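Dropping the structures in below, format is structure tokens.
Both complexes below contain chain A, partnered by chain B and then by chain C.
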Partner chain A sequence: MPRLAGLLFILASAVFSIAALSYAFAPDPGRLPEPQNASEQNLAIVVNVSNPISNLSMSELRKIFLGERSHWPNGRRITLVMMEAGQPERAVVLRDICQMNETDFNNHFLHGVFTGEVLVSPKTLATPVGVRKFIFNVPGAIGYLRVSDLDSTVSVVRIDERGPEDKGYKLHVPPRSPK
Partner chain B sequence: MVRQNQRAIRRTLAGPAALLDRVLALASRYSSSLLLLMVFLVVIVVGLLVIRDLHTTNVEAQKMYAGSVLGLHRIGELQYQTQETRRSTFYALTTNDSNLQVEYADQSREADRRVNEGIVEYVRQARMPHEIELGKRLQRDWTAYLSVRNEVLASILEGSTKDAVTLDLSGGVPSFERVRQDLEEIKRLYDEQASERLTNVVAASRRFAIRLIGVLAFTLLFASASVWAIQRSKMLGAIQLAALQMEFVASVSHELRTPLAVISSAADNIVDGLVRGKEDLNRYGSVLRNQSRQMTELVDQILLFASTKDRNSRYLIRPLQVSQIIQSALNNTAELVHETSFLVESHIEPDLPCIMGDLSALSQCLQNLIVNAVKYSGASRWLGISARLGDSADRAGQEIQIAVQDRGLGIDRADTPHIFEPFYRSAAVTAAQIHGTGLGLPLAKSIAEAMGGRLSVVSELSVGSVFTLHLPAAKVQELGTAAVSPEPHSATDI
Partner chain C sequence: MKYTIDSCFRVTSLAKLAGPLNPIRAFLLLLGILLSAPFLRAQKIDDASVPDKQTLQLLLQRIDQLEARVRQLEAEKHPAAVATPSPVPAQMSAPPATEGEQQQAETAEPERMDVSKTLLRMRGFGDITFHGDSQKGDTNSFSLGQLNLFITSDISEKFKFLSEIVFEGGPDNIFGATRGENNTFGVDIERMVLQYSHSDFFKLAVGRYHTAIGYYNTAYHHSTWFQTTTGRPFLFQFEDRGGILPIHTVGASASGLIPSGHLGLHYVAEVGNGRASRDPITEEPVQNVVDDQNHKAFNLALFARPDAVRGLQVGFSAYHDLLAPMNSPRIGESIFAAHAVLIRSNYEWLNEALVVRHSPDGTPRVFNTPGFYTQVSKQFGSYRPYFRYQYVNASNTEPIFPDVGLRHGPSFGIRYDASETVAVKLQYDYTALRAQPGVSALALQVGFTF
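Then we have the complex of A and B:
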């Protein structure tokens, strides 16, 4: 009988120790781990949910982002939404879609507006949330968001029949630097 | 003295309130707490009525608050949020900063979400067809305005301020005006309902106040009347008790005084040497013996009567043959019957069932009836005793009826209700100088009732009286638990 009590005590001590160690080394729930999924580092091209466009070629996308195309097929005016200069997302768009640097891009629009080739210059927003809300409110708006910033208020457009989750998708954005 | 006391009591009980006093006396005798219980019940009922009325008024007030005050508040909130929706849209026009424009658009959408919730809540709570129709109309008009608002917002965010203003003037202003009118109509409806409910609450409150005053007045009167009645009944009970005690003392004194006077007088004569011969001595001795017996009989009757009134007095209850009881009574009165040369006719039905009772007590009961029959038979010198089985008048089943009949003076109809009252003696009997204590019949009645039976009388003046002792026949279960006493001698004519 004393032997059984001793065994039970050792067993209970072991269980308690394991529980205490698990608790001590558990990840901090307030600090979520960085997403490890590669697709979440991609940059999605998004439009208003009422926009029937679901796929664009890279060349069409370039025309849109350079203001060379002003209307959607349904007649809605295209409103381009960009994030502020210096944001990695904007850099990716300028590099991979517009194939320009910041200066060239600004000059392109200054020239276009001056000559009347471009009717409206891009709207600039500070945050991804602002971009998302803008696109939600404007039926003809088009912009870009990290996959992790997506929600149901916007619609993702495929590029050359590839979505951000697909292999071979071209728009990749470096991870956000921790604040 | 006794008669004076009785007359005094009757005077006390006479008058218009005699019936009430008797009822009150009965109430006080059996339970004045019954009256208090009634008062308590009335107060409880009144309290429940008051609580019910309070609850009704409270519910009315709550309905008014929920229906009108909250409704008006809800409409006020709806009006504010609709204005906020429109105001935030216009704020977006005042800046070229897209971030700020998005923020204003967000505020406008948040306000319109609250408006939608308010409208849904209004439609959900609407009961009248007119209210439901109005709620649905508001919902349609608000949706129409929102579609214009969305276009205006989109134009503002796109940077087409001119288009936004044009759109708002052409579509936004009229559609928002329709929403405003709908809200005004709902508000007017709420105002009307609030005014109607306020009238209802005021009327209900007035009704409640009147009813409360009435109920309180009634309760106060009832409680006062009850307290008065209880006090009066207790006072009457005390008066009656005191009168009975005085009457008892007076009766006993009176009854003792006569034989004592005779004994005293006889003793004086003997002491004074007036009794000389043996014959005189025998006569005086006989007088002294008779008077002593009379006094003994009186004291015995009083003690017996007191013992029957004592609730703790114990009887030896056992199965008894009817003939056994009658025989015992006849044996005990045999000397009296013999001295007065009475003819006693006895008739007992054969195979009578047993009864449950105390032999000594029942024998005493019958003896009293026999003695009375002898006393009040006058010159007829006949009495009859019969026993039969009959149906019980006051309970289910059968009973034994033992009747003692005489052909004597009879009882006046006016005296009949009083003959079972202690010490009561009719005027005719007193005038005829027939001695008695007035305890015989009350004693017989008490015994009959103690044995679970009753005593009844049928009498006609100058014809005679029949006193009947009704006793319940013993049940089989009762007989099973007690052994039947041995069969006595059968009754015979004397």
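Then we have the complex of A and C:
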């Protein structure tokens, strides 16, 4: 037992030291966006124009954005398009649809791919233009865009029977910060 | 000749109207008009019959300017379209006005057929542990854990390849019997699966996979980094680490959703070689290449993930095989497992119970080995303290694993996520044994992914 107690003390000291050092130098974890305000825009969920889906429930949308649904009803594989970490649009999707923070979302997909339950990780794109082009080119793609970034190359999906122009729509994104 | 130049201006204006989003389209329109210019010019030549070299020069200069403008527009657009590397092979191009769905669908194919590019994606996992225990003869040691190369490939829209290649140190421990030497490393292909995904309702996998017995075995594979604790519960320990379950199966597995609305029912149906049953017991326990008999092992699992309680999964599984140890009667093996787990971002509660039932042919006796574990943890920032209690009770006369016996006890520890990819865990275990003194053990582990 003395040997074990000594070992316990050494290990505990080591863990405490590592933890203390890491805490001191740890960067602030990713935070969710600021609370909504009146100047916010709505965030539209968009799919390829050939996709017959026009409405999804929030629950279905969540399953799609977490990779728990991998195929559209027409058999086409779902390809999820996400914007890069740090973009307000992505933060809204993580908060309001996935209900996860950045770390949990990444771990969720890593674990899902590891178990084989998730077929592919999300495609990450830098800009709304990139998202729009990708969704135009990939029939099974789904992503999100500010209403001001929409054009006719993508199709907007209603959520719980509400479109981005409707009252009571749930996805709002803060205005872009001026460059 | 002014007429032709004006046409070019009009085209440029049209291109501007089309907007900066579509430079290629504008360029094509421009090119079309420019190609028609000689005909227009020919009409003028007929009228005037004298070539105007100065105007030609002006026209060529204007073409150069317009081409430069198109290049500039494309250059302005290009950085915006740059994307981060993605596992999904897909071509990015500006939306052509007349492109149809069929053409769109083909965009992902060329990369798959490009032999100069690899389709492999690799992720690594590893762990290193310093541990000691109160058992006589054991020493405090630093141990290299499994080095796990997790490789996947998105072969096509419907097919995916997945494998885990694991390097680990010996010796192996099969139901208490050791195999191999200390400190020597071996390589195992722990998983090698080709998955066909027809829809959410039907997916088929063939190869070597983790048997869908209970929850833990398919939720956590060969990586400690994913796991809250330093290791798997004893019930789900690997075959070559003293485990009592057929953790791996070589065969085929069908899985998918069962249309059940908000209940979220899923099924898994498996058929495979089952575990090796012939003596000596230290032979490879997973029948990777040759089955020792024609009989196949079957497993059926059902579980629900109800929408109403996010993170909840409840289910059960039934496994059956027929073992044929040498010089003894055949033994029917049935494993019934049930689980209820609740996993959320900052909280987990795992509960599993199972019974392994061995019934030798020609005797009325049945050997039941029950076991369970419960594990709970809660995240506080980067720290996650946890507790686990586990229990397994095998008869001393159990025909397949007589060395397992009774073992039960608590484990508690703390996991600290030093970064997004590195976890440090400190764990204490106490294991009570039948007719032997209990064993206390302590382990400090660093697990990581790279």
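Everything below uses one rule, namely that the second predicted complex is superposed on the first by the 139 of 179 C-alpha atoms of A that agree within 3 Å, B and C clash if a C-alpha of one lies under 4 Å from a C-alpha of the other, contacts with A are read in each partner's own complex, and residues count from 1 in each chain.
In this section, a residue touches a chain if its C-beta (ideal position, glycine included) is under 8 Å from a C-beta of that chain, and two chains touch if they have at least 3 such contacts.
Model, not experiment: these values are computed from the prediction.
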Which superposed partner A:P139 touches (first chain B, second chain C, both, neither): both
Partner chain(s) touched by A:H111 [first = chain B, second = chain C, both, neither]: second
Partner chain(s) touched by A:T124 [first = chain B, second = chain C, both, neither]: both
Most chain A residues touched (candidates chain B, chain C): C
Which of chain B and chain C A:T103 touches, first, second, both or neither: second
Those residues of chain A which chain B touches in one complex and chain C touches in the other: 77, 79, 120, 123-127, 130, 133-134, 137-140
Parts of chain A lying in touch with chain C, wherever the complex brings them together: 1, 3-4, 7-8, 11-12, 14-15, 18-19, 22-23, 26, 48, 50, 59, 69-71, 75-77, 79, 84, 99-101, 103-104, 106-107, 110-111, 113-116, 119-121, 123-127, 129-130, 133-134, 136-140, 151, 153
Chain C residues touching chain A - in the complex, by the definition given at the top: 21, 77, 80-84, 86-88, 90-95, 101, 104-105, 107-108, 123, 130, 132-134, 140, 150, 152, 154, 157-158, 160, 162, 193, 195, 197-200, 205, 209, 218-219, 221, 223, 226, 262, 307, 310, 345, 382-383, 414, 416, 418-420, 424, 426, 428, 440, 442, 444, 449
Complex interface listing, chain B residues touching chain A: 98-99, 102, 105-106, 150, 153-154, 157-159
Chain A residues touching chain B - in the complex, by the definition given at the top: 77, 79, 81, 120, 123-127, 130, 133-134, 137-141
